[in-house]
Amino acid sequence: MSVYSIDVFMPVLILIALTVGVVLGGHFLSVFLAPKKSSKFQTTPYECGELPVGMAWSMFNVRFYVVGLIFIIFDVESVLMFPVVSVFKSFNDMGRGGLALIEVLIFMLILISGMAYCWRKGDLDWVKSYKRKQVE
Amino acid sequence: MFLTVLFFLSATLTIASGIMVVVVRNLMHSCMALLGCFIGVAGLYVTLGANFIAAVQFMVYVGGVIILMLFAIMLTGNKPEEKVGSFLLPAMGNRRTLTWGLITALVFFLSVGKILLGMFGIGLGKKTAPTDPSLFESTVDEIGTLLLTDHVLAFEMSSVLLLGALIGAAIIARPETSKEK
Amino acid sequence: MGLAPYLIISMILFILGIVVMMARKNIIAILLGIELILNASALNFVAYSRFLTNNIDGHIFSLFIIVVAAAEAAVGLAIVIRFFQVRKSIHIDEAVWLNDEV
Amino acid sequence: MNGGLIPYLSGFDWFNQTIKSTSAFLSFDTTSLLSFLIYAVFASLLVFLVLMPIGGLGTYAERKISADLQARIGPNRVGPYGILQFLADGIKMVLKEDIVPVGADRFVFYLAPLLAMVGVFMTVAVLPLSSGLTMVHLDIGVFYLLAVSSLVGIAVFLGGYAPNSKWSLLGGMRGASQIISYEIPVVISVLAIVLLSGGMSFDVLVGSQGGLPHRWFLFHNPFTFLAFFVYFVGALAEANRAPFDLPEAESELVSGYHTEYTGMRFAFFALAEYVEVFVLCAVAAALFLGGYNVPGELLKDHPLGQLLQLGAFFTKTLILYYVVIWVRWTLPRIRVDQLMTICWKYLTPIALFNLVGCALWMYCFDGKSIVSLLFESGVGAASGGH
């Protein structure tokens, strides 16, 4: 097991600071150099020349949500796979590859069965909702 | 040195955005404050030498917060919660919930504070932290090994849990099909 | 850094989570509170694992806490959608179907 | 976490001498301070001399290559062959008025470009430019990169949400669902490579490949060959590149999530997008195409070898960059339902299949590549024949 110093995370912090600096610097420049003559029509949201009706923030079709929910689960599953998969090789080198393989396969099988269920039931389809009646 | 800087930055970010989550009325802004809070906690994990957990935190919660925001804006239309009474903190709901929230918080604060004070009393001198606090051991391989050996049951069970959550979420969220036969 | 600062931060997060859960009326905001609470506990596990023990079981524990939090968020949000489809609102006071008096 | 800039420099005497003398002079251990300074200088160089020109030249290359593909000339006025066009564009962006639409969520409106920039620029901390000139080889290298770059998804969604414009919101919603969906096949394809190399650090990932194509992971086995294409398609979608540029589809959504952004803010979104394409190409080069490995390991321990490695890395990455632009100007945009079908019904199952296949391959053949297996069997057959 390798020992490291916390200093290895310095570049991350430096890059964040640098990027924030770049963005703020860009704004600073544009504050000085850009014209400021905003009019009422200039600041309306673009809607092909019409005045916008109502707020944009409103309901969307439910399929966006279902995709989101499936994503959360798959994201977590793939994240859990990372440490296991990264020691797979050393397990294999130690001659315990069979154990690791079986465990990984069981894990993936359960994951895949969930995916197969969603597929079978049509949750992965995007256009199916035309056929469905929206519940009042 | 860098450890201290990172710790204070992360702690400030965590607590400040945690307070924002409570105080802000706009749900979108609450979600963003929550994201800041999670990133701060990820920074704290880094100062604890748990960089894998920090990255997991980042990855899972950034995705999760996108979904939360999606729901927040779509289901509320971004209307701020209605203001009841005149409180310092506008998001605090009505008088009754605020009271209960504060009482619970107070009780919890006192009990945990008591425990913490007790811990200071016995002293945390027995800790096994390494001599140089800015040196850490890489934990990824060890986590992987433990997941495949000691904690294999938890590992497999978590996949069952996620399967249940996936199917449950899909079933609950699915729009009802028209009963045509 | 000793153990105590981490515990205090985690306690503050926990309390903020409880306040959010108790005080806010929006179901999604309540979910945010739950996430805060779960995060506070995960932070505790890692802190203890660093300062009080020689193993990293605490890391594994907080890994699973994150997993459970994600699963909880998915199911919770699914319930929120369903609730919204039925009630056209995500105000927690609307969820009183099991109450005789309404 | 062996490797990276500071460990590389500490292989030189002058560096250790400097640390010693400054420590003696300032009477405390200056390793941290010096490494901070070195990281800061290197990061600034990287950001200002590599990433920003790459972002800028990306726009130039895009226009020039599209012009080539459509038998036009493209930008040719500013500088030789119009190569300074991006500077002119940048100056123009600075001089444009900064408009915030009425009814916008101002705080989020300001924050979204910043998040996009931070999410992309944080990734270069682990980008394996060469064995010594990488800033740091974190032990969670590629995982860190994937985690950090998912901030771009939030930036896209917030950029669509903030201006309270319907076009923007449509683009933002599409962007959010597209970016999060395609993260799954990308991550799982990366998992297959992590499995074969046995570590998440770019040090290990690149180090377990070789300079010549037969030792690249691309040709390691049939599954990784597939995984490369899954990764590449997913990366195109993650960076909102055509044919997956639905979040910013000009012909249907005006300009998608950055419809309402003007001036510098728009410039930051564009810069983040082009740099993200570069980063994703770099990851593809590092994971599948041997990264910075030079054929024959020429000059491996010599400082000049670092230049060769940089050359190898940039060659592979820029070729992939060219392919990305080429794809954009060749393929028509796909529909939203096709987008989701490709992700969930093709790429994700294929990626899972690849992962299982790689695990089986690892177990059955001890992680040897198909070339070495064929070679061995050839040698075995030859020796058996005698």
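Lettered A, B, C and D in written order, each chain numbered from 1.
Here, a residue touches a chain if its C-beta (ideal position, glycine included) is under 8 Å from a C-beta of that chain, and two chains touch if they have at least 3 such contacts.
All values reported here derive from a predicted model rather than from experimental measurement.
Comparing the chain pairs B-D and B-C, the larger number of C-beta pairs in contact belongs to B-C.
Mean C-alpha position of chain B lies 29 Å from that of chain D. Here the CA centre of chain C is 34 Å from the CA centre of chain D.
Computed from the mean C-alpha positions, the centre of chain B lies at a distance of 6 Å from the centre of chain C. Distance between chain centres (mean CA atoms), chain A to chain B: 17 Å.
Residue positions of chain B touching 2 or more other chains, listed in rising order: 2-3, 47, 49, 51-52, 56, 59-60, 63-64, 66-67, 70-71, 73, 75, 78, 138, 140, 142-143, 147, 158, 162, 165-166, 169-170, 173, 175.
Each of the following residues of chain D touches two or more other chains: 1, 32, 36, 138-139, 143, 161, 173, 180, 183, 200.
Looking at chain C, residues 63, 66-67, 70-71, 73-74, 77-78, 81, 85 sit in touch with two or more other chains.
Contacts between chains form some other arrangement here, matching none of path, ring, star or all-to-all.
Across the interface of their complex, chain B is touched by residues 1, 32, 36, 105, 107-108, 111, 138-140, 143-144, 146-148, 150-151, 153-154, 157-158, 161, 173, 176, 180, 183, 200 of chain D. By the touch criterion given at the top, residues 2, 4-5, 7-8, 10-12, 14-16, 18-20, 22-23, 26-27, 29-31, 33-38, 42-48, 52, 55-57, 60, 64, 67-68, 70-71, 74-75, 78-79, 81-82, 85-90, 92, 97-98, 101, 104-105, 108, 111-112, 115, 119, 124-127 of chain A touch chain D in their complex.
By the touch criterion given at the top, residues 1-9, 11-16, 18-26, 28-29, 31-33, 35-36, 39, 42-43, 46-47, 49-54, 56-57, 59-60, 62-64, 66-75, 77-82, 84-85, 90 of chain C touch chain B in their complex. On the chain C side of its complex with chain A, the touching residues are 63, 66-67, 70-71, 73-74, 77-78, 81, 85-86.
Across the complex, chain B meets chain D through its residues 1-2, 26, 28-29, 32, 35, 51-52, 55-56, 58-59, 62-63, 65-67, 69-70, 73, 78, 138, 140.
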